[in-house]
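Everything below concerns the one structure shown next.
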Amino acid sequence: MIEFAASAPPLLSVRDLRAYFDTNDGVVRAVDGVSFDVRRGEVFAVVGESGSGKSVMATTIMGLPRTVRIASGEVRWKGRDLLQLPESEHRRIRGKEIAMIFQDPLTALNPVHQVGRQIGEMARIHEGLSRKAAGRRAIEMLDLVGIPEAAKRARMYPHEFSGGMRQRAMIAMAITCRPDLLIADEPTTALDVTVQAQVLEVLMRIKDEIDSAIMLITHDLGVVAGLADRVMVMYAGRTVEVGTAPELFYRARHPYTLGLLASLARLGARRDEPLVPIPGAPASSIEVPPGCAFNPRCSFVSSDGRCAQTRPELREATAPGHLAACHELEALDGVSVESVRRAGTGR
Amino acid sequence: MSWPEDLGSVHAVRPLWASAWRRFRRNKMAMAGLAFLVALVVAAVLAPWITRYGPTEGIEGAYRQPPSWAHPFGTDKIGRDVFSRVVYGARVSLRIGFASTVISVVIGLLFGAVAGFFGGLVDTLIMRLTDVFLAIPYIVLAIAIAAVAGRSEHSIIVVLGLTGWLGLARIVRASFLSLKQLEYVEAARAMGYSRARIMFRHILPNAGQPVIVYSTVLIGGVILSEAALSYLGVGPQAPTPAWGLMVSEGKGDLARSAHLLLLPGGAICLTVLAFMLVGDGLRDALDPKLI
Amino acid sequence: MSDGLIEVRGSGPGAELGPPLLVATDLVKDFPLRGGVFGRTTGRISAVAGVSLTVRRGETLSLVGESGCGKSTTGRLLLNLIRPTAGTVRFDGLDLATLSGKELTHARRRFQIVFQDPYATLNPRMTIGATLGEPLRVHFGWKAARRAERVRQLLDTVGLAPQYANRFPHEFSGGQRQRVGIARALALEPELIVLDEPVSALDVSIQAGIINLLQRLQDELGLAYVLIAHDLSVVQHLSHRVAVMYLGKVVETGPAEALFSSPAHPYTQALLSAVPVPDPEIQRDRRRLVLSGEPPSPADPPSGCRFRTRCWKAEARCTELEPELVERGIGHRVACHFPHVVVDPLG
């Protein structure tokens, strides 16, 4: 079993989770071996490109997608395996102990109900609050996420809110029952940067206020750098690297993480410096390359052909709790984002 | 020679039509409908070879016979073989169905495309025109045309062709309106292509899927309307073996010889159902979201 | 001020800016708001409210700002894809509004556009070869063999294998489609290309390759770009000059280096400070200017300075008097009553 070097038992512990979709074109291995822990009160970021399985992984933990087939793995929540729970018990945890914030609040909020009522509904279902008490709670929550004139806004409908306001309302809804874990799936991707900054600030303030952990799913490494305590990088449905934010950003070990960091256009970099793309396109989750899924795009492939044959296990990289799934970890010692960039630009 | 910036190969994806056919094949109901239609078309084409009697040929002494080996669908009150009449009737129904649908598709495509592409005043005028047409019941129109041009297969084709394009025009207009927004259409404008080229080469082919689906269902609907008009006596005249006419002729003998009504009626039902099923199957198979 | 302010070409000191290629003067675009049963005009959205720009040969001018600021509309006005309510666009001295249909078609060879969505930018029913060959046939009347040769050459230019010419768009990845979109724009050998969010729909690891390609093409072909983008890291990487837009107006414009290192307009400062930087230490230590609220509706813009409702510096004067663009450095112009340079927004 993988050790993530935690002192206290983790809040959420996922091991070798595999969630597949059976489609006409074959089995889509959306999640294909993901392992990680989320600890109480931390911000755990999950990073990956489109098709990396990060969103399916989140909804699987929430028990949401009906068509998904769990091929293996366990999702331990406070010691209990959520995948084994009957739907009725899972439902009791969903929303109350684990809540989710979706990317697009316009589709996640019901257009025909007042915002306040939708927020209060959570409290009515999970805590049995009266209509009146739920209404008060909704206003309190809207106030908490920084919506001015909360009492008035609670009676408005989602389309009367601006984009940033809707995302705040989504957060208000998610935190109504003070969950222990907030799963935020690309919470700011649809927002402009100045509004993104506001929403992220609210999210972090709320986290401290209600003392919950946050699982932040995003493709934006910049957002991750500012907020995350620990980071997991996913590729083709698999965990390729996981560790603390400084470990990941300054001592990344997996060639994919290194490549991703080296490929970014950075504010403050010189204009004439070419960027270093990762060659090829992200792996399709229908035809995952054998062995390490990243091997066709990797510039550190071993000469003995292991990378195209055997799937690498997560191993300890630079520090306890910093794991990477790569055959060539030892050979990568001393490789940095800078050196990858230099090699890529030929300077 | 290598292309260093792009090592990714293209995905091996089946051509659009092959994957659509693959999905269609998996739909059992649609396949059953298709099989029935193929059988019906074959029977209609080969009618003289698979029937023993002509459709209007009276057989001496064989009046109102129930189904038997000699006459699988029985005979009617003047001694005609009902099986022959149903098989020949398929020719009439399919002819009317296809011909009037072609008229509807041509008119509908033209008006819908022009309305959706140009928008504005042109769009408003065309849409109001369709509203006017929608307000005229096709039966009234049919009776009017029959009164002027006489009762015939041709007038029924014209009537149904002139009333069937309304829905199609709306569908084509809607897809033109949405396709017009797509970037590749804007790209075509930025390239300086002519309006005709953009309309026919860049928008129309992509509006084809809903048209195909709608037309398939429309054929079924037309056959049903044709039956209704024949039943009312506005359509082809006796002794033409039209299904609607046969039902109408058989209704008087319902108590004694139910097969005279039920068999042509069943042919109408099955044919219409088959077109609906195939249309439904096409809708799912051609859905671009699944490609 | 140092020479660094004027030296904006990446290709080294002494690189000369070309002569003006495209000059837009006082562009205005209003969209009518329709309502009621008869579609009467009930108001107007002022999407672009008086924008003047100059693009020189061989340079990249970037239009940045948040959604609704009018940058995409401006891009389309520059290409005459939509007609301005007022103002003129001159391309190499030709007033686009006065051209006849035929002359405009002819002129269109010289300016092209690359779109954002790689999945909507190509006609799904045409092969890549047909898509790329069509403009050559329409504009030059070339025969099939000559077109095929040019198509091969175009594919090679954008880094795609020539044998892809007879494939259909759905067989390609997002990054590859975007390359085809660029090849199509290059087909007629234009002098200027409007790039409308060319990488924002692509995965991070793919973006770098497209950015490098755009930069290489500019160097090799001497193209002028108008880059419309919201990702400031990308903008900084590609731009020589930048115009920051807010609610249909340019609030600050200048050489990229000056604008990024010493932004003077409060909105530019806030925008820059909100850009997430993929470095945990920088991200945690940087001074953040988080704006309150969201941009007001362009149907009802604020009086005076349009930014004043979100500005921390706003005073009575801002409500009454609309600030003009005033020269602050060489080519660096700011529309603010209280401009103040913050040095190094990353610090």
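Going in written order, the chains are labelled A, B and C, and every chain counts its residues from 1.
The rule we apply is simple: a residue touches a chain if its C-beta (ideal position, glycine included) is under 8 Å from a C-beta of that chain, and two chains touch if they have at least 3 such contacts.
In this text the structure is predicted, and so the values were computed from the model without any measurement.
**Student:** Have a look at which chains touch which and call the overall pattern line, ring, star, complete or other.
**Tutor:** Contact pattern: complete, every chain touching every other.
**Student:** Busiest chain-chain interface by contact pairs, anyone?
**Tutor:** Counting C-beta pairs in contact per chain pair, the top pair is A-C.
**Student:** For chain A and chain B, what's the span in angstrom between their mean Cα positions?
**Tutor:** Measuring from centre to centre gives 51 Å for this pair.
**Student:** Could you grab the centroid distance between chain A and chain C? Build each centroid from C-alpha atoms only and quote it in angstrom.
**Tutor:** 31
**Student:** When the C-alpha atoms of chain B and chain C are each averaged to a single point, how far apart are the two points in Å?
**Tutor:** About 49 Å separates the centre of chain B from that of chain C.
**Student:** Name the residues of chain B that each touch 2 or more other chains.
**Tutor:** 4-6, 8, 11
**Student:** List, in ascending order, every residue of chain A touching at least 2 other chains.
**Tutor:** Touching at least two other chains: 277, 279, 281.
**Student:** For chain C, write out the residues touching at least two other chains, lowest number first.
**Tutor:** If we look for residues of chain C contacting two or more partner chains, we find 173, 175-176, 209, 212.
**Student:** So in the complex, which bits of chain A are touching chain B?
**Tutor:** Residues of chain A touching chain B: 24, 277, 279-281, 284, 296-297.
**Student:** Taking the complex as given, what residues does chain C use to touch chain B?
**Tutor:** Listed in rising order, the residues are 79, 81, 104-106, 108-109, 112-113, 115-117, 120-125, 134-135, 138-139, 156, 159-161, 164, 167-168, 170-173, 175-176, 179, 181, 184, 188, 209, 212-213.
**Student:** Going by the contact rule set out above, which residues of chain B touch chain C in the complex?
**Tutor:** Chain B reaches chain C through residues 3-6, 8, 10-13, 15-16, 182-184, 186-194, 197, 201-202, 205-206, 288, 291.
**Student:** Going by the contact rule at the top, pick out the chain C residues touching chain A in the complex.
**Tutor:** Listed in rising order, the residues of chain C that touch chain A are 10-12, 66-67, 173-176, 203-209, 211-212, 215, 230-234, 236-239, 256, 260, 270-284, 288, 290-292, 294-295, 346.
**Student:** Which residues of chain B touch chain A in their complex?
**Tutor:** 4-8, 11, 22-23, 26, 290
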